[in-house]
Amino acid sequence: MTQPRYAYLGPSGTFTEAALLAMVDADEVEAVPMIDVPAALAAVRSGDVEFAVVAIENTVEGGVTATLDTLSRGEPLVILGEVVLPVSFELAVRPGTALADVTAVSAHSHGLNQCRRWLAETLPGAVQIAASSNAAAAEELAAGVAGFEAALAPPGLAARLGLEVLETGVADNAHAATRFVKIGRPAAVPPATGADKTTLSVCLPDDRAGALLAMLEQFAARGVNLSRIESRPRSDRPGEYSFSVDALAHIDEPRMAEALVGLKRTNPVVIFLGSYPAATGYPTPVASGTSEEDFADARAWVQGLRSGRH
Amino acid sequence: MTQPRYAYLGPSGTFTEAALLAMVDADEVEAVPMIDVPAALAAVRSGDVEFAVVAIENTVEGGVTATLDTLSRGEPLVILGEVVLPVSFELAVRPGTALADVTAVSAHSHGLNQCRRWLAETLPGAVQIAASSNAAAAEELAAGVAGFEAALAPPGLAARLGLEVLETGVADNAHAATRFVKIGRPAAVPPATGADKTTLSVCLPDDRAGALLAMLEQFAARGVNLSRIESRPRSDRPGEYSFSVDALAHIDEPRMAEALVGLKRTNPVVIFLGSYPAATGYPTPVASGTSEEDFADARAWVQGLRSGRH
Amino acid sequence: MTQPRYAYLGPSGTFTEAALLAMVDADEVEAVPMIDVPAALAAVRSGDVEFAVVAIENTVEGGVTATLDTLSRGEPLVILGEVVLPVSFELAVRPGTALADVTAVSAHSHGLNQCRRWLAETLPGAVQIAASSNAAAAEELAAGVAGFEAALAPPGLAARLGLEVLETGVADNAHAATRFVKIGRPAAVPPATGADKTTLSVCLPDDRAGALLAMLEQFAARGVNLSRIESRPRSDRPGEYSFSVDALAHIDEPRMAEALVGLKRTNPVVIFLGSYPAATGYPTPVASGTSEEDFADARAWVQGLRSGRH
Amino acid sequence: MTQPRYAYLGPSGTFTEAALLAMVDADEVEAVPMIDVPAALAAVRSGDVEFAVVAIENTVEGGVTATLDTLSRGEPLVILGEVVLPVSFELAVRPGTALADVTAVSAHSHGLNQCRRWLAETLPGAVQIAASSNAAAAEELAAGVAGFEAALAPPGLAARLGLEVLETGVADNAHAATRFVKIGRPAAVPPATGADKTTLSVCLPDDRAGALLAMLEQFAARGVNLSRIESRPRSDRPGEYSFSVDALAHIDEPRMAEALVGLKRTNPVVIFLGSYPAATGYPTPVASGTSEEDFADARAWVQGLRSGRH
């Protein structure tokens, strides 16, 4: 039997691979390294792979715009799951290298940026070389062909490559974390778990002060909370905005389904980017009057009224 | 075949009878006069009659509280239709009586009240005798047994009874009109016509400034307008209120059905008092995104999303 | 020194007089009986009297439309206070008259109406004579010139007139009560007491589903509750509505003042009908963030920001 | 006379310097290069400089989280102005170098990231060296001491340094633009221009579905539009969010001042980050009933009511 194929930002050893492995059993999938997020998503769209794992939000850098934008444009894709990983690095060197020997250090540009202050203090004179990924830098170093003496590597990678670790927990911000999502082509939505998110992109009908309010009323009228909202300038229509939102409910719950019906009716564009289990796993609070049973009871009541049963 | 029986505020000749005749063909129903509104509604509840026609709103006197309250309490009843009649009277006398001969005048207490100024100016010295109905006063006069020389009678009644009309168009307020409704036991709701009203009684969950707002958001989120709203102190819970509202939509329209589902879920008491054609007959405006088709499209979209069709 | 003059629905002995006496000390005012509510209000407008006491709401009959409409049109008038009185009657007769002797009974048309069921059961054959006021009927009876043997009189009046009381507590509805208000020409508003009402009449800018919501948001955004709301068809513009509302706050409170500013800015007509102590005397709850101090602090903060103090 | 000192992300030649020069006349200020955004803002807080110019939003990368977070925490700072610059690069080399000669290319990590695809296609084998700034890379190249043959440089810098330009308009996304802001310590707010923004950070009182709605109602009730909203996880309180918003109005406009009062009253934390002219320069639409004059008229009306002038 063929194993499902997962595209990810390669090569082996990246944070994205760590996220992938936090989601699935390595033995049961074929992991396919890709050069960047758009390439990974394109591979899903083309059918070359079944799934992709990509970063979508970073507590330090904010929304990963490329991912959100690439998801919203083109053939439909959906989020099927998420995982949140803390972001910190190990400073990896070839055995025998001391900190004082390091004249150049390499990592992905994001990695270098997330350790900017640490590098400025610890390796003030070192050249910073941007690699295509954090893992690529470490691999090059391990292969003995690098033009640098040190790499910022995701935890664990140095050991696998036979490198030495001079420092662990390297990061400018101790709270740095990245949210990764599993992406697939639309199919049956993963079943509701009681702790789910629904990700949407919505363009408002106009830019009145009331239009955003009216959009949010569609959620509030059904008791659905948002865990994220970001306005995004629409590149196709200067001066207009779309809104990227995460709602704390699942499309199979009536409160979310009704909110979606309301959004769809009253906004020119609504893109559904999936309902999936939230990484926190905390059961979503269901306000009084908004449970599946509350909806079923109220609908049965209306149905009864129509035929005279009060 | 037995004809349907209609209770109304009798006797023959009342405004309520006029309203009844404006709604149905006299030859096809059996009109059953009743002493007052509660009696008429009780007759429907008990099954003695199929329907009742009662006054529910008066542009001069405001809501006819007794009707609204009697409808809301006890066995379910629903409004099946409405008609609005202007309120003005004829001053009826026995043939040969002149205005100067009138020492006493009779009508229902509401009738006397609606002509208070006119009576004060035109018949300043006349005793005002309250009859059980406007028609009863005129009948008594026609029968020659009355203790008064004149009656304020609904238009047309004097002629039928062989009385003379000294004045027509008698009313303190030229815009006075009364809304009458046809009441029945719950059964299949009359079909939507495109110009319908739904009457509801709603008790709010608490008296926060936001509770009324949240209730109205259930309408606004589906684009449903209200044509009447009245807060009513709850006799069973001092300091709390219920709200009597007329919404401009029909329970068979999805926008109204969804609003009802939302109201039912989020308020402790929602009493449905019927969906029925509005007297005006003006087609109700349907805002963009709130038509039956808009709902059907949006629901089909959500249904598709659930199985992966985007 | 001249005493202030109060117009009321006369003659002496009416419920309105009882309301007047519940508001002021009889020795300190000159009570001026008037024939009806419009006449009482006209007397205030013309300056013939300083104040009027009129009925404005009845728990059985609903809003007293004539009062609300007369207040809203013409020279500005304001409500200065309110009192709520239970409505029940005494059946008064001349000494020696027995129930069986009663062939005719008199009261104001509203009084007859509020006792309709009781009269139908207790005095089924008696003629009902509408008097210009309940008190007038009792006085006529006491004077020995009446064409009836019994009158429905406000409590206490019979004793003052030397009449006998055959029944007390006469009323179809045990909860019947009437709200009376003291009316005057605009002057400095009575000081806030912590348990106040503000009465307004508002015409909405259009009849969108959202217009009523937007109007109520002006209250909710400042944490102001409503204790009454009634839509009223506008006689001058068919199909449009005005709203009569009682808000639980005083114009001298910033939350009410700001709500008024918001209403005035966004609605074509806002009529202020007074801020006055609520009859209940219960202190109005002040939600978190809406007290006078909260407003003062927030304004001081904004003022500071403008000049660079954060 | 001493010139005002402006901190910016140095060295000379960065996009940030270009933004600074777009805001002020080079001859009238002393530009002080800093190593990064936190250092630039710290210099303002400490008084070492009067102002800083920093990037705050990037259409490709989204909000510049570091800037927003650093602004919100610590001693108050405010935004005094903004400018938006398109982001594209020139590929700069030493005179005589051909594309085929390039084995390594340097730029700031953000610059490398914004040209990732272009580099992968045009210089697939080249090592990418992250510099402390785009300008630093170009300067090193010009000085003849670089370990790379090409630099991605902001437009114009190559010419100033005597370098040759092999390609202009280098950028993966043709719409890429960055918003830069001028930061200072709080002082009198710059005067309103009719095309202004106010930047705020707000923490909601709780995470009910209605809390975000209630926050936005404070804007809508005064007719204030938002041009940006982003939820931000609060690092100090897991699971809670703050909201970063740009509102299209100036604190000196009453509609904005009132919205601020409302926000301050009803939310636990509101941080004012300045009112300043919007880069677009388009006059902000002022909805009916929300102009300065509308507020003044309505307030005068309320003030009049309090003393009896209607």
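The first chain written gets the first letter, and so on, giving A, B, C and D; residue counts start at 1 in each chain.
Note that in this section contacts are C-beta pairs under 8 Å (C-beta built on N, C-alpha and C of every residue); 3 or more make two chains touch, one makes a residue touch a chain.
Here the structure is a predicted model, which is why all the values come from computation and not from measurement.
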Copy pair subunit B, subunit C: interface residue numbering same or different (half cut): same
Farthest chain (mean CA position) relative to subunit C: A
Separation of subunit C from subunit D, taking each centre as the mean of its C-alpha atoms, in whole Å: 58
Subunit B and subunit C: spacing of chain centres that average the CA atoms, whole Å: 25
For subunit A, residues that touch 2 or more chains besides their own: 210, 217, 220, 223
Residue ranges of subunit B in contact with subunit C within the complex: 35-36, 38, 58-66, 109-110, 112-113, 116-117, 120, 127-132, 147, 175, 207-210, 212-213, 216-217, 219-220, 223-233, 235, 239, 241, 243, 280, 282, 287
Sites on subunit D touched by subunit C in the complex: 76, 78, 185-189, 217-218, 220-223, 251-252, 257-258, 260-262, 264-266, 272, 288-290, 294-295, 297-299, 301-302, 305-310
